[in-house]
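What follows is subunit A paired twice: with subunit B in the first complex and subunit C in the second.
And then the complex of A and B:
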């Protein structure tokens, strides 16, 4: 960091989120040591792989959420997209359709619902929190009408090797997460589309003035989040082999929490996929470790919420003198 | 205020919105009468008013918070309802008189709202994130301290507020919602405090430069939102004679919906009590009517989502016509 008064450009790129990533890694190591000393079961391969499998859907959705939040927007309807996609997948399986038709169908449903959010936000100029709040109502209405209060159960686990399988010494779930984050990273950092996302998050008006097609970028980013949520729905069905009525009720809040914990600025323009992945890992490790220590799972939300407040307060105090942060 | 010159008769967009809402309400009543033979009866009125007070109090608090701008929003009101209920129930089981316990509950509501206000206005955490985090914390605390079990055993005379009637109308409506709504309406339209709130919402910088203490005013409004949520919690407890730790779940979204549907601009500066009350009546009429017609509540969810999106997309077009950057 340059000292006060030194206006020369920095000699090397300083990542605005690197300190957060390091802090999260340190936090993960600290809580892991605490949990490992409290429960001998915590640091077993079996437990860690189970924790990762349980965090698969959250990790995938959070990658898309990071892009949306970097763009200065938000999506609280991903739980609804997850539910509707999972129901379409479940009904398609029940109708006897093969997996090579069900898979693209599930992905397409997710993408379409995401694009719907993007359309309302970009074209109808509804603020993202309101548009996705409204679409969450609509998606849950669709879910209740289709599912009618009963679970869809007894579904085939054709895709479950993607979750439970092993490729050599590497769990397949890790490869899926790696592939999704690689895709998101390429989109965000290697394509001009990703630069457009950052530009809109920094200053939407200026982005429009330099000729970026803001509306199209917004719709495509929301559609990408929808696509990833559809993928998460496929894996959800493969993992649990049923669709519960309370599917996806907390996933939107957890994904937002993971993204913010990971150093992405809620006002847009700054963000890190690595930080989000670490945030997801931190949340799931905390949940797993607390259960192993015998703490009621009801305390989870209190702990996640308190962590969010601490992180946001820290950010606020650090950015006190930064005009852009206010 | 921007001058409205296009329509010769109706100059105020709020007034136009109110007329639109009352028209919508008539449509809803007509539709429900067609759907259910039980709807068009005198006995429906007290039945409808029984459902109104809790949501109405939350919606009014939300209206004030959003109106003061910032942009402000309070997603934690549902969790405040739950937590205040649990606290009052806990105090009552310790042997404290129920009405005294309710007094403590109101103070607790003010304190919880004050925490939101401090996080948002002093630390300058975006309201959406701050109240999302406190929603986790307050709601989680309510669930975790009771292990998810409701607290019952309130004395029968406590039911006076939630179950009793005066002149055939529910006491909670006559003695709580009606006076609160009238008082807030007078405050907003006839006092300097009301003018200050609207001024903060329109342009907080100008308000600050003209000598208003914007931060103090907004903190007070968040605290007021907490107090109104605590009153709603007491009414709900008195109605069911039990304190459920999830009593307020989902209410924050409904509260935002009726405030925004009622014409309060999501970025502040425009809005008022009559619109919120009209939106409250529409939402409750849909709820009651569909219940009486024995139609799935999912339709109500979907309708609210559509109404929310349509009402906001319409409003932003109005604001652009007024030359205000949204």
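And then the complex of A and C:
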């Protein structure tokens, strides 16, 4: 035992989820070796950069999802937020509005829908999986009412340099992902807001007792996820230049899967942004590699689903064996 | 008097849980609160800590009349309650737990970044003051023993500027060495001029650390004794009602 004068930080570089992060890195290396030996195209710069660009929206949304899940909550409606934001962005472009109006508008729509989720979860005391399932239905209905089953197409790619561009030897998409994760990390680890997110995830009752404004923290965290989803919608429109009717149908489950695979505890209180980013990379590399090998992409979902079950079972067993877990 | 409750009444439907209870604690005093199960101890401390609003009577803290609508309001006026379940976040560090809700911040370009170095330093001081030993202020509270957690919960109360600290069965379910440690914490609090309300079933612990003992029976505070001038036999007699039997017989 150290004496009490000891104020050195204890091994800060070893995060509580380090073993999961290392396991994911190992898994990514293993599947990459398999894919590289099966397809000469896999390990080309072009393919890897394309894979990263295809993972841009998932990576951004998963960063926000990590914060929400650490808080002990969940949001299954991000696909709906993505769709409604993309439609507003598409309609605004069609109305001839310039990009410097459309961009803040898209971000504001996402933020507002996220805040709505936070509000109904916090104030109406509805379990988050139920409240966000409800809003998912509402957001989907809005989408169908507005676009009525047709695509919005022929949109401008004004923001596409953020996805396809290069800054020197660095793809712009990597810089966007880096900026989003840096922002999320600062919020989570360097501000009191992040401490409150962890505290609510650990024990909401004691968080209230020490005077944390739990409701406001919940609304702001959901709003931050909404903001990031709005950003993802802007990049979606810039990448595809249209809004498809099936936008966002799988992204909520993928973001939750990436977060849980990355070591964030589904019961809250523990989590890592680095793990989530590795989880996103793993999911997108699996999809890309299986396509290159000519395997049906259905197998990718089977593999991700099986891994999720293994991970969640492992977490449940560990919690059962830890008598001291509060 | 730091804290005084006068004529407190609390009813649950037809049941009178607290019947005209008077209770007071002086500055730097350890006041033990004893009584059998169902005597009203829990209801009384819930009324002190803001969890229950009384149906009658007044509460004074440091000479001012107070009414608590929530535990947060009680904390804000300097009354900290440390429950058996402790309300610590297990998967957060000692530092983060102690400063939860009142973090020290250092603005950089107007952004209020956490000042972890300052919080670590203050945590070390608080733990030193109480003589709490932990492996590191950056380890998870979940990995700590029951005694260490009690120490951390008390340190947090001190950091929140608590002047009256209510401890509900702090030594229950602790190993012997840990019990000694917690009793030491209570003595330290007294030497820091803090007031303590100690709820305990263990008469031995009560006699070791308390200055006075309040005895509750059937929802009333039936006796207050100075610890130095009473005996465990008398207190047990008061708790069980043996004195009533004797009075009736004579």
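Everything that follows uses one rule, which is that the second predicted complex is superposed on the first by the 304 of 326 C-alpha atoms of A that agree within 3 Å, B and C clash if a C-alpha of one lies under 4 Å from a C-alpha of the other, contacts with A are read in each partner's own complex, and residues count from 1 in each chain.
Definition applied: a residue touches a chain if its C-beta (ideal position, glycine included) is under 8 Å from a C-beta of that chain, and two chains touch if they have at least 3 such contacts.
The structure displayed is predicted, hence computed values, not measured ones.
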| item | value |
| --- | --- |
| Which superposed partner A:246 touches (first subunit B, second subunit C, both, neither) | neither |
| Partner chain in contact with A:131 - subunit B first, subunit C second, else both or neither | first |
| Which superposed partner A:142 touches (first subunit B, second subunit C, both, neither) | first |
| Touching partner for A:191 - first (subunit B), second (subunit C), both, neither | second |
| Contacts of A:46 with subunit B and subunit C, given as first, second, both or neither | neither |
| Which of subunit B and subunit C A:298 touches, first, second, both or neither | first |
| Partner touching more residues of subunit A, whether subunit B or subunit C | B |
| First, second, both or neither for A:212, with subunit B first and subunit C second | second |
| On subunit A, the residue positions that both subunit B and subunit C contact, one per complex | 326 |
| Residue ranges of subunit C touching subunit A (in the complex, touch as defined) | 71-72, 75-76, 86-92, 96, 99-103, 105, 111-114, 116-117, 120-121, 123-124, 127-128, 131-143, 156, 160 |
| Subunit B residues touching subunit A - in the complex, by the definition given at the top | 73, 119, 123-126, 128-130, 132-137, 139-141, 143-144, 147-148, 253, 256-257, 260, 266-267, 296-306, 308-309, 312-313, 316-317, 320, 326 |
| Residues on subunit A engaged by subunit C in the complex (per definition of touch) | 1-12, 16, 190-192, 195-196, 198-199, 202-203, 205-212, 269-270, 322, 324-326 |
| Residue numbers on subunit A that touch subunit B, as the complex places them | 74, 120, 124-127, 129-131, 133-138, 140-145, 148, 253, 256-257, 260, 266-267, 296, 298-306, 308-309, 312-313, 315-317, 326 |
